[in-house]
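Okay, so chain A shows up in both of these, paired with chain B first and chain C after.
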Partner chain A sequence: MTAATTEATLRDRIGSGALALVAVPLRALFSAIDYPMRLVQRVVGVVGMPYLFLIPNLAFFGTFVVIPLFINFGFSVTGGTQLYLEDRPYVGAEQYGYLLDCENVTDVSTCREDRFWRSIYNTITFVFFQVGFLVIFSLVTALVLNRKIRARGFFRSVFFFPVLLSPVVVALIWKWILLRDGLLNAFITWLGGEKILFFISPTWAMFWAIFVSIWAHMGFYTLILLAGLQAIPPDLYEAAEMDGTKPSRVFWRITLPLLWPNMLVVIVLALIKGVQIFDEVFVLTGGGPGTSTLFIVQYIYETGFASQIQNFGLAAAASVLLGAVLLVLTLAQLYAAQRREAKAA
Partner chain B sequence: MAHLQLTHVKKSYGLVEVIHDAGLEISDGEFVVLVGPSGCGKSTLLRMIAGLEEVTSGDIHIDGARVNNIPASDRGLAMVFQSYALYPHMSVYKNMAFGLENSHMPRPEIDQRVRRAAEMLRITEYLERKPKALSGGQRQRVAIGRAIVREPKIFLFDEPLSNLDAELRVAMRKELAALHHEIGGTMIYVTHDQIEAMTLANRIVVLNGGHIEQVGAPLDLYNKPANLFVAGFIGSPKMNFFEGTISATNGAETTMTLGEGTLTLPFALERNTGDKITVGVRPEHIDLAEKGAGDLNVIVDLSEQLGGETYFYATPEAAADQSQITVHQLGQRLLGRGEVLGLKLRPHQVHVFSADGGILRHGPGEG
Partner chain C sequence: MNAVRTFITARRDARAWHWTDVFTYAYLALGIFLMFGPVVWLALSSFKTQAGLVEFPPTFLPLAQVEVPVEGYDEPLPLFRVTMEDGSVRELAQIRRIGIVAQMIDPADPENVMRLPIADREPIREFSLAWKNYIDPLQKFNFVRYLYNSVFVTAAATLITLLINSMAAYGLAIYEFKGRNFVLAFVIGTLMIPITVILVPVYLVVTELGMVNSLWGVIIPGAATPTGVFLLRQYMLTIPRDLIEAARMDKASEWSIYWRIVMPLSLPALAVLAIFSIMWRWNDFLWPLIVLTRSENYTLQIGLNSFQGELNVQWHYVLAMTVVTLLPVTVVFAFLQRFITTGIASTGMK
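Let's turn to the complex of A and B:
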């Protein structure tokens, strides 16, 4: 036997030794559950087995998602301040009526629950600007990061990094920057300007709420768009180059149409996430000043849990309404994803 | 007129030079095929002509004008890509019209050109379809159509048939030849398939490792390869090579060792006794003989009966290190595995190469 083959055999032995470390306990485990499994299969049949394996996850999902959904609905059609459903009087659609009771929906002050309407209008404003700019910035960033630039990998991770941070951490970082004596004001005064009280001005507060959430989430959407861009064959661009296509026309006529399925997914996902905005803004502005950055989820949270009188019924009704909006958006997202798959096929 | 000239063209990626001093002239209406094994630089050369790759040094002239720094779109060329590179979201019509729209050509003229090309390529009925709804062959036609409508000075083809199945490839090959006849344009075609090269080209450019090995008409390359590489690359199955040493030479004959025997060549070589040489013989230039009656004895490894012809592969009996020999015989020959027989090389049709791979002498031909 030559030296090389000895070494190879030795390596094989070490390899099989390592394998044995995993294989032996696994084999023991399998032989231990073999008999009970056969027994179970005899009872539920081959067709029933997959469902049996699904039970643990379904049980978890059912307990913490499906059942609470129904309980929530139960709360929304009952009144009072009691916690237990059986103690709460049935009020039908009264909670919904209370939420939606408005003389003039364009004037929040004429609504019985003006905070609810205020939060809805704030959320619409937020979603409109946040999603719009998020998509534009993500697209531009993806286009730049898709080019052959220096340190491309580094920049890609820089843009993705905020996604990894907890929303509370994101909000705290920006709070330190934006406070009266924060980093940004220090910079402004150094330049000779006057301090700006960002969290006292409703416009500035909304601006920073939108800005920070874009900063925090952009990386995720950039990644989706970057994947879409990379899936476009480079040959197409070369063919366009041979065809004498101007860069702007390449973007509008080739890149954008081919990226559109990904764009649709990004838009719908951003919409869903935007409507659900809560934690970053809650930590950053607390919904203020006044109610100028109060969004729907914060309204639900405060109505149900954080106000003096915990109005579970009203919060539950608002949740059901929000849920309906999210359902429509989710269906749109599924549709968009299906279209993307159909296009890819 | 479209006349292309490459002078001292080099291409490097960083410190790695992939095209070494390429020089080539292509005249109007020629169908030139760049052929070579993968990684030989043929696609790079084509892409430099197209303007998709920068030239590191040297010049490219089209119709006398230096085009090194002229963008791809302004060189008056059209390219057909291996992947077809059709815009998947546009109809066949839009795909073909796109380049013309870029140059702001009037609509009626675009329409006329697209329809004429579609008719020529028999894809008129698919004009409203998306590329996805077409077969590979139809997509290839659309890609060619997209090139035709631009009425380019030179057509560039980058392995256009390699994504098609064998049968379709043969059919498309014929159509391309017919197309060249019809349009009469200058065409430069890259392939690694030497059958495509042999059947389509007016002239073949054989590349290897970034060097142009030989340029010539298909049969010239076949009959008079300039070196060992071209001899081995052109022709399928490939040429057989026998290494040996010159044992005697005089004004009329050269004798060389061949395994344990000798081979006498009917011509003189300007080489000394003891020099190493390689003799190349094509499979169809070897005759069968009784065991011991030929130039060398071989053991049959495998025979392929194709009906009208027979190929068999054999290993020399004497020298174990010699590579397998391929022999072509017309008609049907039944030869069993392990059978020992003699082979006779036709001395007039051998090619003799020096130890460094250059050609020393071609056999005088039939006789």
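Let's turn to the complex of A and C:
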């Protein structure tokens, strides 16, 4: 037995030990439930049991997803600052009108709710660069990891590690580096440059918002692309090599077309996540300086929950509009996933 | 030595080094630096004293000034390396500093006080970990409470999620019943509704149920994950039907088939969901931020955020508590790395 396999079994043992820790008290609980459940089964019969198993989960879904989805419309067509719907006066499409009221859509300052439009334009800028570079870097990383390299598992986890960190932790790690007297400015002064106040400059703040979110999420998309790369039959490459095909041609003619379904999934998933950017940027920049990194979810959060007057109606209207965008993206995702599965089959 | 060299220079094939090989290893080296570097810097910084943190340029390792007890003084005095007028170098302790002049004494000869310009002295420092950064916030501030809240939310939510999701998955995987396809479509449909779209109405529901400002308001709304139902059902479909039929022959109740047969066989999928759920809950931010407004209910993430948002950020505490927050996830990852990556690669979810 080699050292590597011993280590693997050891790790498995620790893993199953952790599972046992959870499983033992659960087992006691479930056995206690068994007797009443027998009685229930006698009443409803085997035919009724699936419904019984489904009830808890569906009740949660219904209460916290489906019903809210409808209430959301209710909020978006009522005004006032009350939370309970019965206290809120009906205002029709006024909230939407308020959000969308612009003399000139390309000039945010002519809009009545300029913060909303600012957040939309910021989100578009963010998504454009973040998704673009995210996909490029994930692809390059996946291609590198797919080569015959030593310690591939280790390198894969290196790139994946930040994915597990909480957004607050991610933001604080980078904030600490980017402060006026932080590590990066120490490096810049060492090179002979001037200190840069990253969070005072709108361009730099946006740059770091994009950079940090790519840093945090790249590993996830790399993993999906790597799985796609490893599914490409190796004999295709062997055949190309025998024909003396140039590597660049192999990439454009074999790798990319066969990876395309996974690429599509990655792009759409990144779009869906990108449009909803909030956590790490909120902690990193707080939306600032000014409103230069204010994104749509932060706008909803602040309008509905964090401002002096909690404007639930406006927040709900904005989230309905966000939902519409996400619906389109989700349909695109379903389409992409279908292509991916069609390829796998 | 030879083995090390072969290891380092290992390449795709025996031919000469191609530029892509160089690029590959340069990229991987940069990757280690960029991905781990910031975390290592955080960990190192978290052990620096408050004075060490404001230093610019920063030192790499956490250093603290050496202090020596001197006869006749209650507090230990900081030690400096001083270049004397005649060019010799002595180690002296500083009593106090007045403008640009420092009153210094030799620890071995405490009677003789010297007045020296501060430009001539340099602090003597040694590697030292400021554990105070970790102990203080846990004692003085609410961080133990935050830690407890985070653990409670994560554990309770994961248990509830595993229970109700596996029940639903079992119902959908094992039985043929009226409306099954409808329920399935429903589950997949809810998969697509993120919390960001329904913040206001979920807040209303949680308020109606009296769960605002309680940890249950964080735990319950996200417990029925469609991801979990989907993942578990796909796995349960692979369990042979004969097993279940045989159990029914033996007069096993449906509940004990679920618990005694299907659940143990689904352990790998349950483990993946458990890991996901722990990650989701431990790192959750937006929803707790809305539901928890009283400080004693904060989770670690919310506590950390409010702590770093203060006017005078106490970075020495913030950094230490950030390390505390990332530690559990890092440990889980170190042990279950294979589980997590294969789980994500096969489901395409996180």
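Keep in mind that, in the parts below, the second predicted complex is superposed on the first by the 296 of 345 C-alpha atoms of A that agree within 3 Å, B and C clash if a C-alpha of one lies under 4 Å from a C-alpha of the other, contacts with A are read in each partner's own complex, and residues count from 1 in each chain.
Note that a residue touches a chain if its C-beta (ideal position, glycine included) is under 8 Å from a C-beta of that chain, and two chains touch if they have at least 3 such contacts.
Here the structure is a predicted model, which is why all the values come from computation and not from measurement.
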item	value
Superposed partners chain B and chain C on chain A - clash or fit	fit
Contacts of A:Leu236 with chain B and chain C, given as first, second, both or neither	first
Chain B versus chain C as contact partner of A:Thr106, first or second or both or neither	neither
Partner chain in contact with A:Ser248 - chain B first, chain C second, else both or neither	neither
Partner chain(s) touched by A:Pro257 [first = chain B, second = chain C, both, neither]	first
Which of chain B and chain C A:Gln308 touches, first, second, both or neither	neither
Partner with the higher number of touched chain A residues, chain C or chain B	C
Partner chain in contact with A:Gly286 - chain B first, chain C second, else both or neither	second
Touched partner set for A:Ala227, first chain B, second chain C, both or neither	second
Minimum Cα separation, chain C to chain B, after superposition on A (Å)	7
Common interface positions of chain A, toward chain B and toward chain C	none
Footprint of chain C on chain A - complex, ascending	11, 14-15, 18-19, 22, 26, 30-31, 33-34, 37-38, 41, 46-47, 49-54, 56-58, 60-61, 63-72, 74-75, 83-85, 140-141, 144, 147-150, 153, 155-169, 172-177, 181-183, 185-186, 189-190, 215, 219-220, 223-224, 226-227, 247, 265, 269, 272, 276, 278-279, 283, 286, 297, 300-301, 304-305, 312, 315-316, 319-320, 322-323, 326-327, 330, 333, 337
Complex contacts: residues of chain B adjacent to chain A	50-52, 71-74, 77-79, 81-83, 85-89, 98-99, 102-103, 146, 150
Complex interface listing, chain A residues touching chain B	233, 235-236, 238-246, 249, 253-254, 257-258
Chain A partner contacts - residues on chain C that touch it in the complex	7, 10-12, 20, 23-25, 27-28, 31-32, 34-36, 38-39, 41-42, 45, 54, 56-58, 159, 163-165, 167-168, 170-172, 174-175, 177, 180, 183, 186-187, 190, 192-194, 196-205, 207, 220-224, 226, 229, 253-256, 258-259, 263, 267, 271, 274, 279, 282-283, 285-286, 289-290, 301, 304-305, 308-309, 315, 318-319, 322, 325-326, 329-330, 332-333, 335-341, 344-346, 348, 350
